[in-house]
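Below is one structure, written out as structure tokens; the observations come after it.
Every chain is named by a letter (A, B, C and D) in the order it is written, and numbering of its residues begins at 1.
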Amino acid sequence: MNNLYPLFNLIIALTAAPLMSGVINRVKAFFAGRKGPPLLQLYFDIGKLLRKGAVYSRTTGVFFRLAPPAGLVFILTALLFIPCGAYPAVLFFPGDMVLVVYLLGAQRFCMLLAALDTGSSFEGMGASRDAHFSVFSEAVLFLCLAAMSVASGSVSLNGMLFTAGGRIWQVSPPVLLVVVFVLYIVLLVENYRVPFDDPNTHLELTMIHEAMALDHGGPDIAMFEYAAALKFWILASLPAGLLFPYGMKPDFFGNSALFLGVIALTAALTGALESCAARLRLVKVPQMLTAAAALSVVALIFLAK
Amino acid sequence: MVFIAAALLLLLLSGLCALFLNNRPAVAAALCATACIASCLAALFPVFAVFFSGREMSFDLLWPAAGGLRLFLVLDRLSAFFLVPVLLLSALAALYGWGYLRRERNSESCGRQWFFFNMLVASMLAVFLAADGLIFLLCWEMMALSSFFLVVSRDEEESVRRAGFIYLAASHCGTAALFVMFAFLSAAGISGGFWNSAAFPGPDVGVLRVLLLSLGIFGFGMKAGFMPFHFWLPRAHPAAPSHVSALMSGIMIKAGIYGILRMFSVAGVTDAWCGAALIIAGICSGILAMLSALNRRDTKSVLAYSSIENIGIICMGTGLAVYAASCGGTLVCLLALSGALLHLFNHAFFKGLLFMAAGAAGKSCGSRDPDALGGCAKALPVTSSSFFLGAAAASGVPLLNGFPGKFLIYLAAFCGLQLKGSGLLLPSTAVIVGLSLSGCLSLACFTGLSGIIFLGKPRSCAGRPEEYSALMGAAMISAAAVCLFLTFAAPLLSFSLCGAVSAVFASTDTASASGLADRLAPLSCASAWVFVLIAAALAAGRLLLRRRKVSFGETWNCAYAAADARMQYTSASFFYPLSRTFTFFNVRKSPAAVSKTTFFPGEYEGYSSRRIGVFRTLLSGIAAKLEFSLSCLRWLQQGRLHIYIMYIMTALLALLLWKVR
Amino acid sequence: MAILLFLAPFAAGLAAFVIKNDRLRRRLLFTVACAHAAFALYLCLFPPGGEDYRWLWFGFDALSRYFTAVFSLLFLCASFYAVIYLKGEKSRPCEKEEDLLFHNAPEAAFTGCLLVFLACMSLLALSRHFGLIWIAMEATTLVSAPLIYFHRQRSSLEATWKYLLICSVGIALALFGNLFLAVSASGQGPGMEISIDSLLGPGVRLDPLWLKAGFIFVLVGYGTKMGLAPMHTWLPDAHSEAPSVASALLSGALLNCAFLAILRFYQLCLANGLGSFCRELFLIFGILSMAVAAVFIIGQSDYKRLLAYSSVEHMGILCFAVAVGTAYGSMLQAANHSFLKGALFICAGNILAGFRSKRIADVRGIAHIMPWAGVLWFTGILAICGMPPFGAFLSEWIILKAAFSAGNLLLPVVYLFLLGVIFIGMTGTGIRMTFGVPSIPEGGKSFLSLFPALILLLLSLFLGIYMPAALEGAVSGAAALLGGEG
Amino acid sequence: MVDGILMLLVLLNLFSLGSTRISASIRVVAYQGAAIGLVPLFLPGKITGGILAAIVLVTLLVKAVILPWFLRYAQKRVNVRREEKPFVGASTSILFGVAALGTAFFISSRLPIPFAVVSPFIVPVALSVSLTGFFIIISRAEALSQVVGYLILENGIYLFGIALLLEQPLLVELGMLLDVFVGIFVMGITVFHISREFEHTDTSRLSGLADWLPEVRRNE
């Protein structure tokens, strides 16, 4: 029975992912003293969009139609390798963290090309800025993974987060906290949250994430949004996996509830950050990410000694 | 081995006939192309035999040339591993070239071009087989010479001639270093083994070994084109016709890597400094090459820089393997080197595919400047789809063959991190950072490039471009098919991969072949899984929209309905944020300011391009000083007879006073 | 009977001076050249009867057989080109000559001098007596002076004057060397003849001090004729002004004969144990010549001077080869250099006829306007720089291998560095001239005048690819005389 | 008595270096030829009678009579009087002559003659005569004086040959004499051509062919 649990975890991930954007918006509304949109708002949006038709621009070609489903598929495949708290990932093999990172890269490849296919300057601007940030964020992500693999002594994502369990903290807890902090920064960059991009701006010149989906309509935008939510879940599960209280050894439902709680906590933290902090200037973003990279290198060296 | 000898002979004969058929280009092209394809396929039989079974074939004959020329050709597992892409890509390039040169303007040089093409293929085939120093140098120089004549085939432009000269000079300096190494080895007499390996000085003879190893790395590096020796590559490859640059980027620069690996198999691996040097060179190549590739006025020079980046990745893998071998990490060494070899194998195909597609797009749309093209995807389905496939492979999208090689090197680096206290921490971290940075830069570069060339509105393509020739289409499709097949065939290659690695580092045993296979297996099934899922998602999307209303409109441009092609993002604007961040590398060459004579400034057309400043200023400085000192020395021959007689008298007196006692 | 090699061309030369009818004279030149080449080749490859041939002061050993074969083959091709060249010259209006000596048409003098030039070179190869060698060398100088002064311009007059004076001074020093040798041999008792056979005889001990001084004088003296730096100064001027036939012979054959004269003296020194002393001097002059050639080739603006400096470089390579102990490589390099330099000068002649200018800047796009000339010119340049599959690649490889076994590691590195610099200089010029948009509207498409260049290139290619046993025997026989191993 | 002739030769050397007039230096060459011609008479007689007389006669005829006559004829044809501006002044050339004598003695001190010889000064004087000839070619600008310098160089070598190696087979000695004779003639003819082409025989202005163009000429 318990080897089916990873499958259930997968289903929970697929269903609970859109909830996180609801949590973020509610926290922002709470800070702003508003009531805010319902928690299940993203579910309603996706359902509504899936029932709509589609409007395609004449300049776009085959690639524009291929990109959203391909992007979603890449993210779904990446989800298979993510362990959920006390239960292993569906699939794991040595070096699967490299595959996960490159699957995220592949999804970015499709989004960039779809943006350029429309031929609009706004989407081009979004694509160029996303390509610019991805150069640094992927390097930082790899360094964090390196630090985690040195700390946990294993070369697979499942090994690092699941099998190492609590033992990962024995090496040197303060350094691992640094790694968690850097992972959180990577989460913010990759999911275009506040310090790096403002999700609810409506001035196209400042957007990055939404700018790339300006021309998508109907089912395409649904897949786009759902892929973004899943990406948030994947990148949130990395710090969550580290912070998960392994000592308690709950049964299956307890574990998934606990894991869901930790990820909701990360989402709430992102929402709080979004209401308190403002966007960084575009030039400052690479400097911030280089600082994060430096932090992760220091952590790696300390962990390896 | 008989097949290979027959193939070589067929290539040479067909080349010579092409020379005499110069005035009938169509016949010459047909003859040479079919001869090349036939000989490549013929040579594939023995190569595949060795590739899969692993037993060696050799051919030894003492040819009575001056001073004795030993024709000693050995087809062992490392050569076989290199020869598979060589032969396959040569056949594809010949097919592509057949279509490419058919409507060439100056048809009178067509026969000559085919002669040099077949000579290039023959000499490349022979380079990977030559087991004696002199015959290796002979084929090495013939390879450089025939590729030089192909690079200079369109010699009316000054830049092409200059590129040819720099290429020939650079490859000759590299070969001079190899001359010294091989002369030293063969001065110790004819002994068995590859390049008479017995004569290579052991680790005890410190200085000599360091000198020979560095000469080898310099010589082979000049041909491979990683960072300090790359200056000729971005000029030579764009100048050559596309099927030749596909061959040069796909295979010829790999001969440099083959040479380095062969040198390590001859010299044994006990020098960590070699590994460190290769890693540093690899990282510099990877990152700096992609930085200077970002904003280029010519698609093929972007592809040339991307070749430098991929050679950088291969160097990182090899360097890590050598470093690991010298301090005992056998698993890391196996993984790193097999990653490098696999990436080398795959790079030959997807880079060949990219060059062919770029050439086809250039021929159809008339220009190769990305900012002048745009929107060709709808008009050129075959070319654009193969370019996208190549671009995806180059940026490391997991379901194509660009990814397995990098994956193994990453894995080796991560395993290197685990080995506590073996000094592998720093190189592994460096490799991880280098790989990820160059990976993302190539992702950004290729998405920008393919997006701007093929997607969006056509900027200046007069009329609807159409596919240039069916033969080129066939070549591109088969290359794309091979790329796709290689993603799934990675585990099948693991046995020969291990054979090649054991040919270089004798220590690794073939048992680890199975270990390698089961590390690559999940990759292939992940790729298969992704393909199936994408097809399903597409079908689902199509199903969803079947009953719904699908309409077509104009791209949303913030309520401005008459957006035209000029408002699209060009390559300069797409890469502006990236090049701004790495400004300390790039010297910005901004065109002359607009003259403000009239009230309304007139038409202004300029472009800004970025160069890697550091090398250019360094080299021009040295050239100026050299020129000045030479002009002073030329004073010696200033035409006055008296001074000349004085030279004789001083020479005579000096010798008499110094020597006679 | 080998003396015919000298008498036949000498007689023909004198006859050529007198013959009035041009066509008959040209046919005479060509037939004598063919006969000479055939006979020399026969003697070289299949030495008849006794190993060496002796009569009075003349002898024909392996070394002289090899050099005679090389320069007579070159003379054959050069004469073939000369016949076509002179026919072309005839059509161009050339001013009548009313001076003291050259009162008959310049062409008769030119052909006569060519034949006597061949005779003197054969005499030099034949002679065993050092005095006779000196006379033959002086004769070649005096005969080749009018060859240079064929075009009757100011600059060619200046070149002739410089050539005459520098070479005469050089040969005077060589005479001094001969006398020093006579003094060092007089220790064996009075009246000792300074001929190779008697001095190499058993039990002959020469005074080492005088022999050293003699070798220095001979090396500087004949080195001037051979074009070794710093005595090479006449070579670029003479070659850029002489007609290409003359410069082909000057650089292809005459420099080799000067080298032969030095090697004769080197044979003596080897027999008396002064081998290392001579090799050290050869090394100094070899490296110096290659360095000077490299300096002047890089920024050269006249392509005939470029070829002249390449001859200086190759003479340096010959000396370097003997210095590192491989006489075999030196002999092979001498042959390759003569054939390739002859071919290049014949191409240069055709390019000059087509483009009407000696400056490199004025010549562009030969490959498009004169296809055969362009192909031969560029292949020749690559071949002379040591590209495979031509013979120069193998000989430079043998020399490099010997440089390694000669011990210190600096020699091969300097040797390769200079070769590399010269390669870059030559190919840069070659590319600028051969490719690009042609700088003249139309050029001569005649293949006939380029045929000898093609033959010479094929000869060098043949040397590079296959070496039949007879040829191998000839080369290693010549090398054995100089104590060089195979 | 041989030492007397050698002393005379050294004096003639210094005189030829001192004078800048062409006719004077031709006269010096004639006297030197005559002196060298007489040397064999005083050598201890291994060769006597007819052969000795023949050598003396031929040498005197060629070196003292024919060549100087030809040079004087060439000087009249080219009508050049004296050196306008030699590179090295008369006094400094004499200093060079003495220096040449010094180096000649230093070199010959290192080369002991293996057999008995009539006077120890033959080698140094011969060397100094040829070094002086060398120096005249270097320091004089007129073509004719360069030919004279070359002739003096030949005289030095010829003296060395005649004095030390009289018993060498004569054919070779005379061959060398013939070559010098023809050499001077060819040089003379070239001088005629130079004078006709350039209207002057100043070789310092004869430097058109060069790889190095002084700045002023490069940009015209």
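Simple rule for what comes next: a contact is a pair of C-beta atoms (placed from the backbone, for glycine too) under 8 Å apart; a residue touches a chain by one contact, two chains touch by 3 or more.
Since we're looking at a predicted model, the values are computed, not measured.
Here B is the chain whose Cα centre lies closest to the centre of all protein Cα atoms.
For the pair subunit A and subunit C, the distance between C-alpha centroids works out to 79 Å.
Mean C-alpha positions place subunit A and subunit B at a centre distance of 36 Å. If you average the Cα atoms of subunit C and of subunit D, the two centres end up 30 Å apart. Distance from the subunit A centre to the subunit D centre is 99 Å, each centre being the mean of its Cα atoms. Shared interface positions of subunit B, defined as residues touching 2 or more other chains, are 631, 634, 636-637, 639, 641, 645, 656, 660.
Across the assembly, subunit A contributes no residue in contact with two or more other chains. Counting partner chains per residue, subunit C has residues 161-162, 165, 169, 209, 213, 236-237, 296 touching two or more of them.
Checking each pair of chains for touch leaves A-B, B-C, B-D, C-D. Listed in rising order, the residues of subunit C touching subunit D in the complex are 99-101, 129, 131-132, 134-135, 138-139, 141-142, 145, 149, 154-155, 157-162, 164-165, 168-169, 172, 175-176, 179, 182-184, 186-187, 190-191, 193-194, 207, 209-210, 213, 236-237, 240-241, 296, 300, 305.
Subunit D meets subunit B in the complex at residues 87, 103, 106-107, 110-111, 134-135, 137-139, 141, 146, 203-204, 206-212, 214.
Residues 375, 377-378, 388, 392, 395-399, 403, 406-407, 410-411, 413-415, 417-418, 420, 425, 428-429, 432-433, 435-437, 439-441, 443-444, 447-448, 450-452, 455-457, 519, 522-523, 526, 529-530, 533-534, 537-538, 540-541, 544-545, 548-558, 563, 565, 567-569, 573-578, 580-581 of subunit B are the ones touching subunit A in the complex.
Looking at the complex, you find that subunit C touches subunit B at residues 161-162, 165-166, 169-170, 173, 209, 212-213, 216-217, 219-220, 224, 230-231, 233-234, 236-237, 277, 281, 292, 295-296, 298-299, 328-329, 332, 367, 382, 387-389, 391, 393-395, 397-398, 400-401, 403-405, 409, 412-413, 416-417, 419-420, 423-424, 427-428, 431-432, 435-437, 463-469, 472, 475. The part of subunit B that touches subunit D in the complex is made up of residues 631, 634-642, 645-646, 649, 653, 656-657, 660-661.
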